[in-house]
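Multiple structures follow.
Shared between the two complexes below is chain A, which has chain B as its partner in the first and chain C in the second.
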Partner chain A sequence: MEAKYDFERKYREQILLCSRCGFCQAVCPVYGATLRPGLNARGKMLLLKEVMDGRIDLSDELIETLFQCTTCASCTHNCPSGVPVPEIIKAARKDMVAIGSCHPAFKGMNEVLKKHTNIYAEDEAEDFGRQKKPAAKYVFFAGCVGLYRENDATEAALAVLDKLNVDYTLIEEVCCAGVLEDVGFALNDALVQTNIDRILATGAEAVITGCPYCARTLNNKMQYAPLRAKGVIIMHIAQFLKDYDLGVHTDKKVTYHDPCDLGRHCGIYEEPRQTIRKLAPNFVELAHHHADALCCGAGGGVRGAYAKNSIDMARRRLKEVEEIGAEVVLTECNSCVHNLGNAKLRKQKFTICTTTQFIHDLMEETD
Partner chain B sequence: MEFESYNMPDELYYEPNHYWVRPEGDLLVMGMDDFARKLAGQIVFVQLPEEGKLLKQGKKFASVESGKWLGKVYAPVNGEIAAANEELETNPGLINQDCYGVGWMYKIKPDDMAEVQSLLHGTEAVQKWLVEEIAKFAKGA
Partner chain C sequence: MIDERIKQDLIQIVGQQNYTDNLIDMVSYSYDASEHRARPSCAVWVENTAQVSEVMKLANREKIPVTPRGAGTGLSGLSVPAHAGIVMDLTRMNRILELRIEDRLAVVQPGLIYADLEKALAPHGFFFPPDPSSGKVCTMGGTVGTNAGGVKGAKYGTTRDYVLGLEVVLADGRVMRTGGKTIKNVSGYDLTRLMVASEGTLGIVTEIALKINPKPTVTTTAMATFNDLEDAGRAVAEVMRSGILPSVLEILGRETILAINQNTDLNLPEVEALLLAETDGYTKEETDFQMDKVAEVFRRNNPGMVKLAASQGEAADLWKARKSAYAVLARIKTHFVLEDVTVPIGKVPALLKGIQAIAKKHDIQIATFGHAGDGNLHPQILYDGYDPEQVKKMEAASDELFKLAISLEGTLTGEHGIGLSKAAYMTLEHDAVSLDMMRTIKRAFDPNNILNPGKMALDAA
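The block that comes next holds the complex of A and B.
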């Protein structure tokens, strides 16, 4: 029988690989927050098998299941059969959108990005008091969260680059648009082209991003291939800073939260730790770290569409911080900072910030 | 006062970014008004500054979020935070449920209680302001 949907054409064999063992359930952040087996990867694979078998059809009834996934890839990392769950979920979401069944938050985001330059529909981006230079060795690409939600983190990152005498410039950046593909839509070509043109116009040899998700998008998406074809290197600021002698240190007990986009999705675990260990000899790992790190709950559009569950996921992560008694939680993702910060209870006295922000604050103390 | 489906109690004072203020002894209680509540939708996060945080009238001191919307909270008077509604930490939806009651946000110890008079107050002033606000924000929302 001919497959009805693209997700089946692309991933039928992988979906059938799911042996229903449930290893994914133990690590799924959505299951952890909701305790609903239908929402973990096994539940989602069973459901898509039912669709492939023609027993149920894609419809609005499946929105909550298929659109409530942070695409953190914990399931895939722990799957003995190697089922590529995030890719399957993204393909199924495309089919859902094609038949008109989409979470309203994501439909709204797609519309917003047709009219605005960022996912928040904000009209004015902060310029951080810096002139945009016509040419520079590096472009600093902040990302939507860094420009409109975690401005302090971006300001701090720029101040650190200034201190290190890095030849960089900001550009009139627009949303990298990667999130659209995650939630069932096509990448917005106009946004992509704008970023490519503005980066190339600076003659920069590399783009330093403050956002691991933007780094992934610019590095991996086919639509950004023209940028890479010109030899422009894309790196996250954690990669850029790892070899610098920053000349600051702290005695505080510091831990590190691996962002899914930098860790499981890009395999970047040691670069941030290399920097943090230089700053903070009293570094301690969370109970789950490296590829086993718990997701903060913000990815895959879940923060926008299922905010309560998203914050509950972040609270689970913060319990691990309490357990080890850390005073500072560092991470390399503004979305993680934002969600973990929103989830932090008043009684939890630890600080949550990006590694770069922490470096900046230590530099300020030293001056 | 009920105006165009917005409930704006007469006895309250209003900060122009749609936060209400009510004198209570030597403190001011503050929360989000019905206009902002309806425009914002489901509130998912309220920043709750520590007691003692100093406030400068007109300066941002906290934020509120609903999905993709981020609201800034500005100090209605000079003073300091005396209390924050800790219930909002785990149940920010109290603002949606009852923005003038259990959904209150902060208690402020003002430097000078008379500064509350600089806020919007009284049927006529509030109605005039709301007409402008509806034209600016609410149409087509």
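The block that comes next holds the complex of A and C.
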């Protein structure tokens, strides 16, 4: 039988490998927050299998589960059969969009990026009081969240780079557009080209970003290949800072939240810890860490589309912070900071910030 | 489709947010980890015994099937709603109600995840031994419903050996308490044991009182390879006679070893059988003493090699082979059936040989591993479910496998349950009188046959 949808053409064998063991239920953040197996990775694979078998068809009825996946990849990491669930979900979302079944939040996101340069449809980009240099060794790429929501984190990162005398510049950056592919649309070529041109114009040898998602997009997406072909290296600021002697110290009990985009998706676990351990000897791991880290609930467009469940996922993560009595939670993703911050209860007295923000604040204290 | 009036009644009981007939939920509740599939009409997420009771009263009055469900990890179709109706999801009743270490007692709700119980017991140095391999996700209700076991069966038994008492909602909504909270109890009929492994056909368990054990702190691990199945089988039998009871004694058959080698870098010796043993206790002297005896037995039975793990790291490496078996085999074909036939320990070699012969005869891949220490093997039949020829072969092979197990004084199922998968084979194992008694009991508990109907061949006249 001829496959009706692209997701089947691409992933039929992988979907059939799902043996329905249900082990993903132990780790799926959406299931954890809702205890609803229809939203678990297995539930999603079962639906797609029934579509392939012709028992049901893609329709609006499937929006709630197919568009409610943070693409954190915990399921894949724990899957005995190795089913690449996030990739399958992204492919199915494209088919959903093609038939006109899409969550309105994602449709809106695509529309916004046709008219604006960022996902928040903001017109005024923060310049952080810094002149854009015509040429520099590094480009600092802040990402939409870093530019328009977690500005303090970006300001702090830039101040740390200044302090370390790094030759960098900001550019008139636009959204990396990676998220569009995650929610059923195609990367916006105009945005991609703008970023490529502006980065290359500086002659920079590397892009440093505060956003692990932007790092993934620039590093892995085919559309950004021209950047890489010119030898431009893309790295996350955690990778950049790991070898510096930052000369700061804290006695506070510090823990680290692995962002899915940096950890499970890029395999970067140790660089942030290397930096944190140097400045915070009183470092403790959360109950779930490294590849087992719980998702903050923000990814895959879930924060925008299913805010309540997204916050519930973040709360589960923050409960783990409470359990170990940490005073500071560090992470390497503005989006995680944003969602965890929104979920924090008044009684939870710990600080949530990026590692660079924390380094910056310690530097200020030292000065 | 559910009748609108009944839908409203259900919503009245559980609340709008705890009722669903959405397609995404109905599809997900159509399955467990077996090959079976049947779509329910609706599902409810129950939060307490009173709600369970009210739902049952309604279902009994209206004669609507109710299929209780935990994590849905069963391998025999136990929680697949064969006759449609209502799926009752108990995973939100997931609290530990009492933990009384001095009484060796834990009282839990059915939706509690096995791993969460383990986590709560660990700081006290205690554990709940059955250790099913789905432990990080399966629920205690499902554990009771199937009488789940695991790798520690030989020394520590199965769930049945630890259930002291239950709260059960009957088909008509009445709430029954069985057993109690004491280690010993011979008061009246043992309704607790009747409920364990009853697969949700007699009542809905809403509270479980469990006996817990102190957890041994030290283990020793060893591996032995055998080029002849007979030798491996004799080694297992001799270990059992030696006076030492290993905490784990597992076997991997040739097909499984080959599959592991093709898919990992473990480089196992490609022999007929590989045995893995673990002894447990509280001092290294104690566990090493036991393991020395086990290794001695291995050496007497023509092993290819015997390897004792010198460190925890080495032990973990040895276990990797056993632990990777399921994952490796799950990736080979699009479909598989994971059986759990069990025979007296002395007949393990005969079972292994028989399985090889069945695979050859039907030209189908069967990889075997399992719990040699309690005679419970897992032949995993691998096939392509979209190829009618292969489906036929799989069915014929299963059929012969069950007959073989019974002919060896064994049972159809050691730990997964009858469910839908083995319902047709009940008469193979149980005589007409015992089946008649089972059906009489079922009718006494559930005259309208609304509790998980279609399972265990109980509906048959």
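Everything that follows uses one rule, which is that the second predicted complex is superposed on the first by the 367 of 367 C-alpha atoms of A that agree within 3 Å, B and C clash if a C-alpha of one lies under 4 Å from a C-alpha of the other, contacts with A are read in each partner's own complex, and residues count from 1 in each chain.
Quick note on the criterion: a residue touches a chain if its C-beta (ideal position, glycine included) is under 8 Å from a C-beta of that chain, and two chains touch if they have at least 3 such contacts.
In this text, all values refer to a predicted model and were calculated from it rather than measured experimentally.
Chemist: For A:23, using the defined touch cut-off, is the partner it touches chain B, chain C, both, or neither? Pick first, second, both or neither.
Modeler: second
Chemist: Identify the partner contact of A:357: answer first if only chain B is touched, second if only chain C is, both if each is, neither if none is.
Modeler: In the superposed model, A:357 contacts neither chain B nor chain C.
Chemist: Which holds for A:149: it touches chain B only (first), chain C only (second), both, or neither?
Modeler: In the superposed model, A:149 contacts chain B only, not chain C.
Chemist: If we overlay the two complexes on their shared chain A, which of chain B and chain C does A:70 touch? Say first, second, both or neither.
Modeler: A:70: touches no partner chain.
Chemist: Quick one: is A:82 in contact with chain B, with chain C, with both, or with neither? Answer first, second, both or neither.
Modeler: After superposition on chain A, A:82 lies in contact with chain C alone.
Chemist: Can A:119 be said to touch chain B (first), chain C (second), both, or neither?
Modeler: Only chain B; A:119 stays clear of chain C.
Chemist: Should A:275 be classified as contacting the first partner (chain B), the second (chain C), both, or neither?
Modeler: Neither partner.
Chemist: Examine A:342 and indicate which partner it touches, taking first as chain B and second as chain C; both and neither are also allowed.
Modeler: After superposing on A, A:342 lies in contact with chain B but is clear of chain C.
Chemist: Decide which partner touches more residues of chain A, taking chain B and chain C as the two options.
Modeler: Chain A has more residues touched by C than by the other partner.
Chemist: Over in the complex, which chain A residues touch chain B? Could you list them?
Modeler: Against chain B, chain A makes touches at 105, 108-109, 112, 119-121, 148-149, 304-305, 307-308, 311, 342, 345-346.
Chemist: What residues of chain C sit close enough to touch chain A in their complex?
Modeler: 20, 22-25, 27-34, 45, 71-73, 89, 91-92, 113, 115, 134, 136-137, 326-327, 330-331, 334-336
Chemist: Taking the complex as given, what residues does chain A use to touch chain C?
Modeler: Residue list for chain A touching chain C: 13, 16-17, 19-23, 25-26, 35-40, 42-43, 46-47, 50, 56, 61-62, 64-65, 80-82.
Chemist: In the complex formed with chain A, which residues of chain B make contact?
Modeler: Where chain B meets chain A, its residues are 42, 44-45, 48, 50, 65-68, 70, 84, 86, 89.
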